[in-house]
Amino acid sequence: MTTLLEVAGLSKHFGGVYAVDACSFTAAEGEVTGLIGPNGAGKSTAIDLLSGFKMPDAGTVLFGGKAIQGKAPHRISRMGLIRTFQTPREWPALTVLENLILAPFHPRREMFWRSLRGPSKAEKERAAGELTRARAILEEFDLVGLRNERAGNLSGGQKRLVEFARIRMAEPRLVVLDEPMGGVNPVLGERMATAVLGFVSAGTSVVIVEHNLPFIERVTDQVVVMAEGKVIAEGPFDSLRSNQAVVDAYLGEMPSYDDADA
Amino acid sequence: MIDQLINDLTQTAIFAIMSLGLNVVWGWSGDFDLAFYGYVAIGAYMTLVLTIGPPLDPSSSYILAQKFPFPIAVLLGTLSAMVLGLVVGAIALRHLRGIYFSIVTLGAVYVLSTFASQFVPLFNGYPGLSGLVTPMADVLGIDYASYQYFYFGLCVVMLAIVVIGVTRLSSSRFGLALRTVREDERAAAVFGRDIYRLKLKAYVIGAGLGGFAGGLFAGFLTAFNTSAWSPLETVTLYAAILVGGRGSIRGVILGVGVMVLLLQEATRYLPEVPGHPDWTPAFRLILTGLVLVLFIRFRPQGILPERRMRDGKPPRRGGKTAEAVSEPQPVAGPALDTGVA
Amino acid sequence: MHQALLTLGFGLVAAAILALSALAFTLEYSVTNVANLSHGEILTVGAYCAYVVQQHGGGVALSGLAAAAGGGVLALAVHEGVVDRFVRRGIGGLPTFIATLGVSLIIQNVLVVIFGGGNVGYQVPQGAPHTIGPFLWNDTEIQIMVSAVVITALLYVIIQHTRFGKSLRAVSQNRSLASVSGINAHRVAALTWLLAGLIAGYAGFIYAESLGTLSPTFGFQYFLITLTAAVAGGLGRALGTLVGAVIVGIALEFFGGYLSASYNLAFAFAILSLVILVRPRGLFVGGRRSVFE
């Protein structure tokens, strides 16, 4: 397994409080890495730091061997790291299909002068190919009937699926999912798990922050446990159950298995 | 009667170009820019100052006085507006959104109008510039009687070119990328869009169209000064966009037509009250304000809302080769009744 | 040095007017989260009410009361007729902000129809200048400053020490939470706008007194300066707004006195842009806001 993401000594403080404190962990290519911990452990801040939405005070983030800490979100995205947010962030007035088609970023095709000249033959072919691919992905997510619907009109669970479909469309090297089960009907759990595993088979590695531990157990290869801004344990989910530090951090939440609230 | 109609239609064409420029900024990119009329004014002033030459009265003087041909002056006016837009946009779009952006642009247009009316060496201060009568008439050999038809034709052709350009942009990847920024900036950034650069590009394009329309407006009015443009003029353009449909090109053109006709017709039959020359323009502005408030409240998406791509054919399960032959292009279908404002 | 102190004296008068206008704007913003672009018109309408009373032989006190009443009625009408309706229907802050611009346009031009578009004189006997310490103020200026201080003090007492003030603070912090805990948020917001209108109407009156003239657009032009003060103090923060108004008022007086009064607006904008760009949450709150953070 090659390391895809390597976080070392990452720190961020607000006022005097360290939200993330010398946090270090790795995520391997082709794997699903879980990032768990009690509320306030610094997971969301850590995601913001490695995706460029917040500036780290210290530390490095290597993505595919290149340093990305402190870069702007769109630069990190262009290198192949895409994240989601705790609430789905669809483009509400655009249709579901448009949401998918606009997920891949093509700098040359989005240039002003090229756009002003009107679509070339090659551009039309690319657009047609894109449309086919978008339809196929929507079919996989059972969203094809909603493709002309404005994304803002969908239910919370459907928006989440659109977001997943959008990531499939963009084909990043790594996707960081921030509480994908939050606000989703638990009935959809199995479907979401399939979707997460689907990323890996499509060539996208996954880092996932989630409170729902059965879900984490189901989908992850490795788990990183954070508490109070620090990484306190790392390893396969099963190995953590007996880890005293983890159990202490969760104050006995760990074995109960029904902590699904976000 | 017919002269009045041609007059109204010429004005409609010029305002349509302005509104299409503002639509790039507000309709596509989502920024409520209150400085927009400043770009129209710069375009108009530059066109005048570059065509009418030095002042007849030797006691006043202003910079840049030239006697360039009209088209070159309009072009330079457009470029000046774009440069100004680049400066204002680069500052205001860096960190500001929502009302903070609007407040800064409102301030910017106030500074522009203050300088234009107080600082005489620039565009002759309060009296402004005048004397651009029938541009290009002598070169093309057009007599005075038919000139207004020529100028109407010129404006319509320019509008047509602008419409072709913005229509291409609207459905292009560039235009759609702007929509992603308008709809959700974070998501746009997550999917690789440099939101600052995109917004700035849209802003400069809008400013350029504003300046271009301003140049044509100068040729239409033959003169320009600060009493011809209060920063509130921008509100009339916003009303037109809102009436037609924010983001939608045919909507914007319809909205401008409706606003110009409404404002002209609704006040045409008002009796001229002696001693109250302010009344007709005041009634027009009251009407504009009412239209703005009522549309935001009751029909924020406008009469012809922005159209979305519509994928008509059901997906096929066949192989790729079969699909490549008869792949349907995205077809624009009837508009959905959901607001975008 | 003497000249500087005199300018400071005039700056304090300007600051007194600005403080009332900016405080009223901040009150409106705090309970509805809508930046009211028709705020300037409340001042204008107040000033015209005072003007009408004066034309009919009313004294200064009656003019001031009329101005406050006119401003209060207008602010309440704008709140009930537009802002509250829009906010309650879920029309966002920005569209409502645009709608208030439409309201501003309507009011300005109704005033043009009634009173004409030009300037009208508003002369009050200014009285002899008094030397107070290093400053030189006439009766009107003293009236402006004393009344502004009294109104500000009253406002402080209302906000800090009455039940209504407590509700107001609750609504401005979190409207839906306040509603849940049994506060009639709509009533509190309406009363706050009424209060803001009374203050802004009176501010229009003293602004007209100090200018000696008024026109349908005079409040709108003053609005940019008001915004500068309110944003400098942090939108929606009363105490910050007060300090912001004093600083901006004095700074403008010095700029006008030593450089050029015609470019006052440009100078106000320079302050405003600088504040918004460098400290968008106001001068007195730490931290820089970026698009994402």
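Odds and ends about this structure:
So that you can tell them apart, the chains are marked A, B and C in the order they are listed, and the count of residues begins at 1 in each.
The rule is short, and it goes like this: a residue touches a chain if its C-beta (ideal position, glycine included) is under 8 Å from a C-beta of that chain, and two chains touch if they have at least 3 such contacts.
Remember, it's a predicted structure, so these values are computed and weren't measured experimentally.
Taking the mean of each chain's C-alpha atoms, the chain closest to the overall C-alpha centroid is B.
Set against the Cα centre of chain C, the chain with the most distant centre is A. Centre-to-centre spacing of chain A and chain B amounts to 41 Å, using the average Cα coordinate of each chain.
Chain centres here are Cα means. That of chain B falls 32 Å from that of chain C. Rounded to whole angstrom units, the spacing between the C-alpha centres of chain A and chain C is 47. Counting partner chains per residue, chain A shows two or more touched chains at residues 53, 73.
Touching of two or more other chains is recorded for residues 186, 189, 195 of chain B.
In chain C, the residues that touch at least two other chains are 292.
Within the complex formed with chain C, the chain B residues making contact are 32, 91, 94-100, 102-104, 106-108, 110-111, 114-115, 118, 185-186, 189, 195, 230, 232, 235, 238-239, 276, 278-279, 281-283, 285-286, 288-293, 296-297, 300, 341. Put simply, chain A touches chain B in their complex at residues 51, 53, 72-74, 77-78, 82-85, 89-95, 97-98, 101-107, 109-112, 114-119, 124, 127-129, 131-132, 135-136, 138-139, 144, 147-148, 150, 152-153, 166, 170.
For chain C in complex with chain B, the touching residues are 35, 82, 85-86, 89, 91, 93-99, 101-106, 108-110, 112-113, 116-117, 217, 224, 227, 231, 262-263, 265-266, 268-270, 272-273, 276-277, 280, 289-292.
Of all the residues in chain B, the ones that touch chain A in their complex are 165, 168-169, 172-177, 179-180, 182-184, 186-195, 201, 205, 306, 308-311, 314-315, 320, 323-324, 327, 329-330, 333, 336, 338, 340.
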